[in-house]
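There are two complexes below, and they share chain A, which is joined by chain B in the first and by chain C in the second.
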Partner chain A sequence: MLSLSALHQKQGKSQLVKMGLMSAVTVLVSIFALGQGSSSNLDMWTTTQTILRDIRAFVGLPDTLRACGYFDGVAWNAGQTCTNAEDLQSQIIWRLRLPRVLMAILGGVALATAGALMQGCLGNPLVSPLTLGVASGASLGAALAIIVGFSLTTVGSLAIAGNAFVFSLIVVFIIIQLGRYRSVSAESYILVGIAITFIAGAIVSTLTYFATDAQLSQLAHWSFGSLARPNMVVVALVATSTFTLFPTAMKWSWDLNALSMGGDDFAVSTGVDPSSIRRNILILSALLTSLIIAFTGMIGFVGLAAPHMSRILIGNDYRKLLPASAICGAFLMLVADTIGRTLFAPVVIPVGIMLAVIGGPVFMYLLLQSKGVR
Partner chain B sequence: MVANPILSLSNLVIGYNEPLAEPISLEVQNGEVIAILGISGIGKTTLLRTIAGLVPPIEGSCRLRVDKKGGLGYIPQNLGLVRHASVANNVGLGAGVRLEWTMFSERRKRIEEALKAVGLTEKASEPVRRLSGGQKRRVATARTLAQRPQLILADEFLSELDEGNASAVMEAVLPLVTQGSSLIMVEHNPKHVIQYASRVWWFHDETFTDLSAEEWEKFSPTGGEEA
Partner chain C sequence: MNTLLSVENLSFSWPNREVLQNLNIEIKSNELVSILGVNGAGKTTLLKCVNRILKPSAGRVSLLAQDLSTMQTIDVAQRIAYVPQSVSTNFPMEVYDVVLLGRRPYISWFVRDEDREIVSESLEFLDLEDFAFRRYDRLSGGERQRVVLAKALAQKPNLYLLDEPTSDLDLKNQVVIMKKMRELVKDTDRNSSALIAIHDIDIAARFSDKILLMHDGGIMAYGTPEEVLTPENIAEVFGVEAEILNKSGSLRIMIHGALEKETR
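Let's look at the complex of A and B:
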């Protein structure tokens, strides 16, 4: 009597299959991405063999890798410690490509989840993680660090990323303060976000007016959005935070369903407090966004496109839409970054640009398809 | 008990941009049943929606002391049911009942209890769109009951029901009240609710008058019946 309808169960199965397929494809693409690059291109089988061999070596014989200087904190020099080609191959895969591939996956997961959360709780399909102004805060922080040399973090290597993160947290704080007012409407959040974007943009423009050419190019580089910067430590940090925040998002997925199904009235009648859930979800997605954007720079498109693509594939149930968006985001980022760094190798096109160039047309095609336009 | 009201309104001015009434200062204790009466269009629903947090107050404050998820039950006038879903699934939509972190057996138990209370057990697998207006109202009531809320806000949830059904639904809600939950209901027809209400908020000429049930009996010749 209380079981879900047969249709629902059937749908659920096909949705699970779709998600499984998407994640399998993402794993395959990441193996492929690990083998591709400007130095040498391996086919997927060789890459898998290399990875497995190294894992076996790492588990059984850490000395092999230690001999190559894998655990050394200092810059690694291939010519001195690793003489044969196999070792060189492993070094490139583990030290250069793995952080990049992992960061692409994490960035895609976090930004796409944030985008799906925000579109759901603000009830607006145009919203992306950049809408709330978190990214503008980050770019202001980066501009201050690059041009003025002002940074709130003392660690030199983290001057730009750390400052960007702190400034994006300031925006998160503004959102928290805004949420304290009872019944702030979804529009107010969006408008405040746009206002923050304009304010931060104006300050950044003023700063660039006084910047030198070198500083300008550094800032431009930052705002393209690139996955080259993060190292393994950053990746580990981001991974831990993302995968602690994601279950929280999943926990709120039903409340989000209630909110997006019938608006505030429906939410209250199913026992959800719309203003508090909206505030919590926005804080969560702002945190996810700032975490990624601080280390990679402006990557916006994945947060807009991945949730919509998953919506076309999976439907509107946030319990499934959130993981689907995460997988879809990871896939998009990974493909965009891999094409970006292999297409004109050794020149690397930043992932932010590649995403828009490749993802944009695919996104438009999917949208038009689902509307039945030919 | 008096010191800790579940709902306290202090100098609350309700309305959309324009105030609809004089400032309201009232308190609701656990286990009270309150009927908000008055002619339609005067602002009863706005008051209820302000308490539910759906309409921001123009001035003053409205404090709810609801400490668990789903502690506020709200039965809106348009019911807010999912038309294509079954009765049981609609009842299972409430917070604390949803297939979320709720144990499956607990969820099943709550849905069955709530459906039994409103007398819809045999309609459980029927889609909501095939039910009559009165039955839909009972589904919405069951959904709120299954949440086990501390405060129930009901907007004309008896209005489309005949005498028998109305009293059956009230009988389903009353056990929660005896367990300490409070009920605030908006009605334009006092006949349905007056026998259950412990207090009446009589909305007239932009003022709320807080009356006990006995006072309302005396008062009713001047404004009672269809009001």
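Let's look at the complex of A and C:
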């Protein structure tokens, strides 16, 4: 019989293999997703080839491709320098499909990580990235930009997203201020989050009351959550921030384990300062959330479902749960978005809706399944 | 024997209520000390002040001649392990990983072989080998308490603080926990002591080197079980009439009835 230590090591390895498989599947799904779309001559194989060719060309001959404006999200004049079919294909891939697929992955990673972090440090399985009111702040910012035309950011194309981001940062700032009270408990964070949600919701309702039909539909579209808006510049920005924030989350996984396993007193005796670590983790997850939601609109479900699915698959050890949630979130978003844009093509169903429609039943099934085993 | 823990003039108060008044306690190495007293006497508060979960309003707590208030949380966790009355969670981990948390004060991020070794030893010491890869929430109360104790053990502390570790347990598990604690404390290689808040006078008398009898946030008596557990002290603190039998060095406490009823 193996010793306990050896068994533990073996178990750790099998969990790593599980995560490896999950990420492999996610990569396959994303390649498949790249081949899906209204342009029927762009299948999976052509798409991959085109991407590889363009990357090679970009590295070798930057000027030619830059002239085609692949990485310039704002202004591109079709037909000026890029007229042949290959260039058109490249355009479709680099401007439409790739940013969309990458944004799905990033959104899933960031929101699922944020959800897992928040559930752990608040010790509450009902918490999702929307609980702290960050998304409501973003939604208020978007509503102000759309209806009143008021935006704190002046960049034309980013007026809505930028304003949403700034307003969600205001909520993050409120959380920081709240965290300065030493005695603030996990419940107080949740209750303040709910209060912020109500306040922001009331203001947004007031604004919509005076809005025109066009503005209303724009706001409704924003609140569905969509991956159509981000371009490669946004994707690069979000990717950089997400992957700088994620290692910090990983670094805190021991502290999260202590906090989620036994609460505050247990954490103290494990060498963790619960109030400061809780504040830091909430700020981190609020940043991750606002980063995504500002550009995509309301996407909430993945932040609740992906962590719970990973808990069922991997367990509650945050050292493994965080990467597993990230992968699971990316997978969910990709699948939901790909189905959403192919099911009734060329009509695209927003990812926020598809997530709930597809993810909801799967989530419920997994939950009931795992309870049954118990 | 040298002094392990010394508590000097310790006081603690909530905004409108004084809980601990001017406590002075000294605990030597390899000693098992039980705290007895009614609910609200300040037993838990004392433990939490020692472990810095609560900040004392006055006084000094030092461990091995080092002032605890000047130490980092993580340094305190290397020296003191706290076992709450019960640990419940929404996100249960597997037993092995719970015990591994006891190594958190020593680990930077990656688990070393040495840590696994210590965790395995702790599990074996508390007869938890068969539960090592079960989820914490699927264990019974007694098993859970042993898991949290194993986590404390893995911290390799000098001082164990246990807050009513046996109050949710059946008779056998109560004895098992106290026996294991005594075995731990008497292991001279470990150089550790235990301070245990407890309700059961018999169990306290049987397993403790010393008993700290608390009353209204102060110390009523502190000494060996024979010195502390007198009918007068028990009547004063618990309000019951008791008879103490000393059968060849082991105390038996017979409770005859509540005093109010007797006087009525």
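Heads up, the rule we're going with is that the second predicted complex is superposed on the first by the 332 of 374 C-alpha atoms of A that agree within 3 Å, B and C clash if a C-alpha of one lies under 4 Å from a C-alpha of the other, contacts with A are read in each partner's own complex, and residues count from 1 in each chain.
Definition applied: a residue touches a chain if its C-beta (ideal position, glycine included) is under 8 Å from a C-beta of that chain, and two chains touch if they have at least 3 such contacts.
These numbers come from a predicted model, not from an experiment.
Q: If chain A is used to align the two complexes, do chain B and chain C fit next to each other or clash?
A: clash
Q: State whether chain B or chain C is in contact with more residues of chain A in the superposed arrangement.
A: Ranking chain B and chain C by residues of chain A touched puts C first.
Q: Does chain B (first) or chain C (second) touch A:Asp273, or do both, or does neither?
A: A:Asp273 sits against chain B and chain C alike.
Q: According to the stated criteria, A:Gln119 is in contact with first (chain B), second (chain C), both, or neither; which is it?
A: second
Q: State whether A:Ala214 touches chain B only (first), chain C only (second), both chains, or neither.
A: Neither chain B nor chain C is touched by A:Ala214.
Q: In the overlaid three-chain picture, which partner chain does A:Gly262 touch, first (chain B) or second (chain C), both, or neither?
A: After superposing on A, A:Gly262 lies in contact with both chain B and chain C.
Q: Report for A:Val347: first if it touches chain B alone, second if chain C alone, otherwise both or neither.
A: neither
Q: After the superposition on A, what does A:Trp254 contact: first (chain B), second (chain C), both or neither?
A: both
Q: Look at A:Asp317 in the shared chain and tell me whether it touches chain B only, chain C only, both, or neither; answer first, second, both or neither.
A: It touches chain C, and chain B stays clear.
Q: With the two complexes overlaid, spot the stretch of chain C among 134-142, 188-196 or 242-250 whose C-alpha atoms clash with chain B.
A: 188-196
Q: Check chain A for residues that touch chain B in one structure and chain C in the other, and list them.
A: Dual-contact residues (chain A): 4-5, 251, 254-255, 258, 261-262, 264-266, 268-273.
Q: Flag every residue of chain B that touches chain A in the complex, lowest number first.
A: 52-57, 69-76, 78-80, 82, 86, 88-89, 92-96, 98, 100-101, 108, 111-112, 124-125, 140, 143-144, 147, 149
Q: Across the complex, what residues on chain C touch chain A?
A: Going through chain C, the ones touching chain A are 48, 51-53, 73-74, 76-78, 80-82, 84, 87, 89-94, 96-98, 101-102, 104-105, 107, 109, 113, 116-117, 119-120, 123-124, 129, 132-133, 136, 138, 148, 151-152, 155, 161.
Q: What residues on chain A touch chain B, complex-wise?
A: Contact set of chain A toward chain B: 1-2, 4-5, 182-183, 251, 254-255, 258, 261-262, 264-266, 268-275.
Q: Which residues of chain A touch chain C once you look at their complex with the stated criterion?
A: The touching residues are 3-5, 7-9, 11, 119-120, 123-125, 251, 254-255, 257-258, 260-266, 268-273, 311, 315-317, 374.
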